[in-house]
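Two complexes are shown next, each including subunit A; its partner changes from subunit B in the first to subunit C in the second.
Let's turn to the complex of A and B:
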């Protein structure tokens, strides 16, 4: 029963999907069925935020202990986080096409998520530009910790500062109240939890793969040096 | 840079300017920061490379913008939306062209090691940031009057314009100092800097554009200046904390 919780997770996410289409009511003032994308769009955005914070924490840990394995964990978190972030952006754009009539119109939230995407894509480009593993880990960690400062600003401060946005209130809005139908909130939380656990699973897999790649590279190196007299 | 004039002060002299081994830690730190600042300006004034790059880049872009739009290319109703944004785009790209040199040059002329020995990282960061900020402010002092004249930008509140230029320029300098230190140690430095820096600097740019619009309109939305200063502060604190990690092998 090693994979028991994997099956539980599949069941949990299936439940969230079924709940999104069959159980939750439609939100007021939304065109057609478009409000149902909420149950996938919002968990993706939250998941990407959790992912980038995870990357920041692993980077801090790397800077404290200088273990390359922690650096690999940070890299894996950014990679999977970018996937979530792209999905949040795409689902958001699909919804914007239905509700606002255009895929992209630089609403403050779209602006923020575009910056976040570019920031973490730049993290991967930076990694690609440095050969030495220790130097790469150190500089990338510094950049990711920088992200710990920039990302909350982009996710929370900038969108709320804007005087005008068409984006619906975040679930917990600026007034600090939850005014969403109870059944919608239930499905949203089930879905958010499911996708967040899903993130950590993907993260573990990607981390393991990076570790194996590093080991294979190291073994290849020793084989080459041993072959030489 | 291969010119001998571009070599920084040798470590003993920097230490001597910093007050040597005597003096309180605070005074030594201040001395080191000042020495870095003075050294950067001295080498800059010998070649004037960064100054010329920044200024010519900004003026060329200004000419391009002015030529593309013409004096009446933007109707008076749209000036408020378009002109402040273009001004900050020019400043951002000029900064990206000129500011990373500060650290790239230290790596290229192999003076980075001497600098590591001569100054504590936080003092070095402050000295370099001050140098970049003063360079940018000098550029703004030359470019902005020209821009206002050529593009016929009607400024109502000079105070807001100065606040935007000062706070925006300072933020650009702080952010690019940290990122230049990162980029200088990687391959493909020139191309890498904009990729790394723009996501960090764009929120700052949005706020500065908003504040400059306020200078044209005469009033600005609540909290824009406060947020801009807050972002400057966040960049400064994280820069001071992260720079030693980036700088020390």
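Let's turn to the complex of A and C:
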């Protein structure tokens, strides 16, 4: 069966969604049902981090081998990663509206994710500003490799440096321990795995589309050259 | 006790996920077709 793995992913994420609403208990000290959004918010944030690391690794490969296909893989990872990051930000803001009474509070974690968004949006702006494919790939790769340091700092270090935050403890808290209800953790891990696999599916699709675009552009260029007298 | 509201939200989430999934499956087939053509 051609789409077996895709349908398995559909089932896996459907189970994660069902688990988030029917199996996981509500978190203590959270208003109403608001803790259920964490089963989507946290995997989206983790997924975006994996995406940005993937972009960095493909960029390193590009710098080593100078193959434009590796550059396209990095671009696809950043694009899908930004989508995940926007979704993490939006779901976080929805939760903040319920718990803190405002969509945006400049809490350390909100501030650091805003920096992440700007940093990787700038990657796409950089790409859009350079026409020469080799120069574009080289500069974008250097930028994404720099992201291998910037993203871990913004995701894990900066929020923990703050002396005060309203944000709940991360799954692995500041004391290095996992202090989450067992059933909540099960659903969270199932959801995180599902959405990370989903990221790699989206990444591969976008990468293939970029490859097709490049091939079409090259064919168009060849046709134009041949048509010239 | 599971409230009716939660079941509705769950159903909406599943419908959105299934719709997105079917769209991506279709996109996957179209991309494969274009790859075979070129």
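The working rule: the second predicted complex is superposed on the first by the 229 of 229 C-alpha atoms of A that agree within 3 Å, B and C clash if a C-alpha of one lies under 4 Å from a C-alpha of the other, contacts with A are read in each partner's own complex, and residues count from 1 in each chain.
To be clear about the criterion, a contact is a pair of C-beta atoms (placed from the backbone, for glycine too) under 8 Å apart; a residue touches a chain by one contact, two chains touch by 3 or more.
Since the structure is predicted, the reported quantities are computational estimates derived from the model, not experimental observations.
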| item | value |
| --- | --- |
| Partner chain in contact with A:3 - subunit B first, subunit C second, else both or neither | second |
| First, second, both or neither for A:33, with subunit B first and subunit C second | second |
| Which of subunit B and subunit C A:145 touches, first, second, both or neither | first |
| Touched partner set for A:125, first subunit B, second subunit C, both or neither | first |
| Partner chain in contact with A:104 - subunit B first, subunit C second, else both or neither | neither |
| More subunit A residues in contact [subunit B versus subunit C] | B |
| First, second, both or neither for A:135, with subunit B first and subunit C second | first |
| Contacts of A:156 with subunit B and subunit C, given as first, second, both or neither | neither |
| Set of subunit A residues, in rising order, touched by both subunit B and subunit C | none |
| Complex contacts: residues of subunit A adjacent to subunit B | 63, 111, 115-116, 118-119, 122, 125-126, 129-131, 135, 138-139, 141-143, 145-146, 149-150, 153-154, 157-158, 161, 163 |
| Residue ranges of subunit A touching subunit C (in the complex, touch as defined) | 3, 6, 9-10, 13-14, 17-18, 21-22, 33, 201-202, 205, 208-209, 212, 215-216, 219 |
| Complex contact set, residues of subunit C against subunit A | 2, 6-7, 9-10, 13-14, 17-18, 21, 24-25, 27-28, 31, 34-35, 38 |
| Subunit A partner contacts - residues on subunit B that touch it in the complex | 178, 182, 185-188, 192, 195-196, 198-200, 202-203, 206, 221, 223-224, 227, 231, 234-235, 237-238, 242, 245-246, 249 |
